[in-house]
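All chains are identified by letter, namely A, B, C and D, in their written order; residue positions are counted from 1 within each chain.
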Amino acid sequence: MKQVHAGIIGLGRAGQMHLKNLLTIPEIKIEQVAEVFIDNISEQLNDLGVTNQTKDYHELLSNPNIDTVFIFTSTNTHEEIVTAAAQAGKNIFCEKPLSMNTEEEASLNVLRAVKKAGVKLQIGFNRRMDPQFRNIFENVRAGKIGAPQVVKITSRDPDLLPHDLIKRIGGLLFDFTMHDFDMARYMMNSNITEVYAKGGTLIDPTLKEINDIDTLVLVLQFENGAYGLIDNSRRAVYGYDQRVEVFGSAGMLKAENVSDSTVELYNDQRTELRKPLPMFQERYRPAYIAEMKKFAQSLLNGEPLVAQGEDVIMAQRAAVAAQKSIETGLPQKVDTTLSL
Amino acid sequence: MKQVHAGIIGLGRAGQMHLKNLLTIPEIKIEQVAEVFIDNISEQLNDLGVTNQTKDYHELLSNPNIDTVFIFTSTNTHEEIVTAAAQAGKNIFCEKPLSMNTEEEASLNVLRAVKKAGVKLQIGFNRRMDPQFRNIFENVRAGKIGAPQVVKITSRDPDLLPHDLIKRIGGLLFDFTMHDFDMARYMMNSNITEVYAKGGTLIDPTLKEINDIDTLVLVLQFENGAYGLIDNSRRAVYGYDQRVEVFGSAGMLKAENVSDSTVELYNDQRTELRKPLPMFQERYRPAYIAEMKKFAQSLLNGEPLVAQGEDVIMAQRAAVAAQKSIETGLPQKVDTTLSL
Amino acid sequence: MKQVHAGIIGLGRAGQMHLKNLLTIPEIKIEQVAEVFIDNISEQLNDLGVTNQTKDYHELLSNPNIDTVFIFTSTNTHEEIVTAAAQAGKNIFCEKPLSMNTEEEASLNVLRAVKKAGVKLQIGFNRRMDPQFRNIFENVRAGKIGAPQVVKITSRDPDLLPHDLIKRIGGLLFDFTMHDFDMARYMMNSNITEVYAKGGTLIDPTLKEINDIDTLVLVLQFENGAYGLIDNSRRAVYGYDQRVEVFGSAGMLKAENVSDSTVELYNDQRTELRKPLPMFQERYRPAYIAEMKKFAQSLLNGEPLVAQGEDVIMAQRAAVAAQKSIETGLPQKVDTTLSL
Amino acid sequence: MKQVHAGIIGLGRAGQMHLKNLLTIPEIKIEQVAEVFIDNISEQLNDLGVTNQTKDYHELLSNPNIDTVFIFTSTNTHEEIVTAAAQAGKNIFCEKPLSMNTEEEASLNVLRAVKKAGVKLQIGFNRRMDPQFRNIFENVRAGKIGAPQVVKITSRDPDLLPHDLIKRIGGLLFDFTMHDFDMARYMMNSNITEVYAKGGTLIDPTLKEINDIDTLVLVLQFENGAYGLIDNSRRAVYGYDQRVEVFGSAGMLKAENVSDSTVELYNDQRTELRKPLPMFQERYRPAYIAEMKKFAQSLLNGEPLVAQGEDVIMAQRAAVAAQKSIETGLPQKVDTTLSL
């Protein structure tokens, strides 16, 4: 079997989750891992059979056995590490966004480095590979609902994040809503040209201190004339609420939440169903595995990448526009032209 | 049994539906009906046992046996007939809105006439009594989802209306969305203070000729800090799509569409469920009956009215603001003060 | 409009429910009602506009304005009253069964009287007109699931009945399961040829004193080779549990329970749905109205009756066989030949 | 990490599926595999990193690095191989049943060999670990539905099996229904004391030639007084139909089928859902992995086994009784005493 020879950079909470998922994909062979705090998890990694470990990602990038790197470090390091990986000639899988900087020049510079190096870069827009949303996507593409007219996305996190984590990974718009901007554009197969956003702190007023919000509603205008509606919250007490609906001239497609069993309990009070899956780790496990498997297949067989550099730029632009819309109270145009 | 002694004005398509529903409510006795084109339906009314018929609503308003009138004529006649009914000292049930005129002074004048006459006026915001939405309303009021943060309404008609009908009853915003503005405000128990609307003709471009649209998305801001999202379409090929969701600090309530049976058909292609109910007549039949029963109980026992004059003014203001928002591309404030 | 001129005999709890339903059917005009304890409810009937009242059903049967009688008295009176009504030349709607006597000769004698009089008799197998089950029935007939192979019926009452009521209306098999035997035969369009039953008192052991049971499971063999499974209970704490499933060579049809709203409540504990409708009055209200409307249409326009005399005989035979099966522990054959 | 050192015997279709699942369980290390037709799949195994291969299971049983064997060969070899594995001192995971022989002495002899060797034996009643059914089981045990009164199992295969396969693995009762007997007993936590079965060939009459059936309905009596209903079919055109319902004094638990997405498609014809998962491989994948993980944990940490030798004997006895019931047309008692 042809295999991708992979290095993993970043084994924090997210990285460890991704590592376990990667270990179930036969097309990917983990050659080495790099993590600053490697000592804390070294033994645990040995148990998983991952014994080639380093603190220094530069060492991993110099490893000639490695052709591909998976980058799971904090957002504030993406710019530096992706650029270095490209320069080392490695194919790259990286979580969105590419940069903390809301001026997109920084992200474009990263993409230019990737382009110059001639390597492949896949962005971790995992939801594109969620079985629910993928099913909608394929049905929309197959014309099952005719011309799409409205896309609606409900995306609610189960709980507030610590302020210092937000500082490292970005606030609601740049960490969380960015996935929804990408999903909306992906479903519609059309760029976002205008954003109107309204948001505030209905849950945790202290978020204002770090210039963040916890509740957000948005109207999108697409290039093809269609509209979008998104609503976000940082705390849905019933779990991780992830739903998508696409309405078109010939019908509607709608994905409800996913729970861990279909069991119904009927008693003298009510009918009880299981709550939606509680966290992204469970809900998007199949999506995480699928996006990485697809990435491997792209590298090995030339299949298309799930999400590319321009996709993250477009999502970032929508987030920037939304930020300005909240600040000004006015809808904001989004530029759809892009050249590296 | 104490009974309301009722006259019905207007027996077009809607009026005939309401008449049949009224005939199932024992608290309401139909004393007389008035309809300009009474000859066309006279025999049919006789079959239903409704034999006291007139062409002239003034005659009905002079009938001393009648204490209450139900007005089911076209919107463009509401102003005149409601005012006359109030002056005749009759309690009034009238469909929204009170006036075709987007300047609300006309509607306020109608309400002033009602106030001066000391009669009761209930507005036909039937959806407030839909069993689905009523269940949500009661659970929200009971605190089951904590503080409401976002209300979402999906409201899609099964098909386009003829242009000349639109001219008589108002376009999408004033005929259709007005129900959603009222529902949003009802669920939130808070006034709408700002509206942002984006709409167009994705289905029938000739609607532009009569200054109407067929597709609409809206963001609402409420006085209590919460947000609202509404999306409308004139044509959902799968039926009459009427859904409401309220999200709050302690949970979410969500009403899916209603179909005529729960039967599931499993075959080698798919699992098939029944479509949503096709039209407002079927979907809102329980609501129509309930709102009129409640009106009768209000008249007979002093129970509160389901929806009053100020409710229709508030919904009209939101519709006017939405109209301006579409025209200007900017969000619009909505005044929440009201004095007659 | 052509109308059925009806008399109603029996206005106990069931009769009063039926009366209210009948009042909503324009094709049926109530000419007179008869009830032994008429004094208790006379005023209430006046309020409903039902003023022609008598204690004596013979008086009603002599009323020349009446062409049709609806019999809602206790089972133990059916034999006498149906026979008298037939002899008086009235068309008859009667609840099942026709006789308390498990020897079917008594029921056959009633049917012979009906036949001799040349009147129409419809049996109150209301579930045949339940929108859920009717939808299944029509899809089965239309061949949507190919050749039916197994029918499964779950039928559970919300709570135990008083012993003295059981004595008047029959025990589980003759009052309750009889509906399921009819439903099974109706769905399969084939006679039951063998019954195996297993039952006991898992809820109320004192039922043994009146030779009744509260829990029952059954296997049926049909003439066409197909099988049936039925399970009954007298107490489902979550409501009135009424489900039917038909499995065939090309698919499956399945009706779940019906509740009063589709609203879902999501909280930090669970997802909550509404319980199934609590009682036969609510669940089968559409079915009760539909079966009587169909009966009227049969009388007025010659449409087929919903359920006839032979249907009740066949259901009674299955009940008798089930009784013997429980007593002997052995499966029992059911005769499918019938001649009056 | 402590690990189970495993050998796998049998890599036919089922064995290959199990192998892939086993490779995702870190607690289990595959030391060697044995398969008579190893040449056909040797390269494929190498790709999976499974390089220690043999044609001869005796060689594997002599491997001192192996402490545990997983037996995935045809039923007709279980007797021999399980006995040999026990004598070799290996812990054993084996699919049900232990013997083709309907005289249970053969199976008991296998269990005696296991007992004498002092090794652990887990039976592959995988459905016990299905997330749906496990959820029901745990809720029943937790008393959520009070005293269980009726268990209902629907179990339908997607399609007929080849006759020669049936000869090797047993017919409907011994290969398929045996899972349902175990599930019924597991849910009820009570032994089956009586079985009534009715079955035939409604799909493929040629099954009679090999003394098998394709359609089956059953009534069970449990030691605790409760009842059971099972229905089986060899061909459900809509997929692999696997449902369980337990009804009790305080409520009901019900597991519907599982599909690969929750997406709903609404069009002008119907609402479409995804079909149930098509085959046992997909539907029970989580169950297969969970039962083996549990087995490893039992070996490593002393946790209880998921299903043991006596469980398979009890299921076999129910199958034997059902066979006799079909042949005689009479219910059959089942002995619940067992001593090795």
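Things worth noting here:
Note that a contact is a pair of C-beta atoms (placed from the backbone, for glycine too) under 8 Å apart; a residue touches a chain by one contact, two chains touch by 3 or more.
This is a predicted model, so every value here is computed, not measured.
Touch-path distance (fewest steps) from chain B to chain C is 1. Compared on C-beta pairs in contact, B-D and A-D come out with A-D as the pair having more. Centroids built from CA atoms put chain B at 42 Å from chain A.
Centre to centre, using the average C-alpha position, chain B and chain D are separated by 58 Å.
Each chain gets a centre from the mean of its Cα atoms; for chain A and chain D, those two points are 39 Å apart.
The set of chain C residues touching two or more other chains comprises 236-238, 241, 250-252, 264, 266-268, 274. Against chain B, in their complex, chain D makes its touches with residues 236-239, 241, 259, 264, 266-276.
Note for the complex: chain C touches chain D at residues 147, 149-150, 152, 154, 156, 196, 198, 200, 202-203, 215, 217-219, 221, 225-229, 231, 233, 235-238, 241, 247, 249-252, 329-331.
In the complex of the two chains, the chain D residues touching chain A come out as 1, 24, 26, 47-48, 131-132, 135-136, 139, 144-145, 250-258, 260-268, 274.
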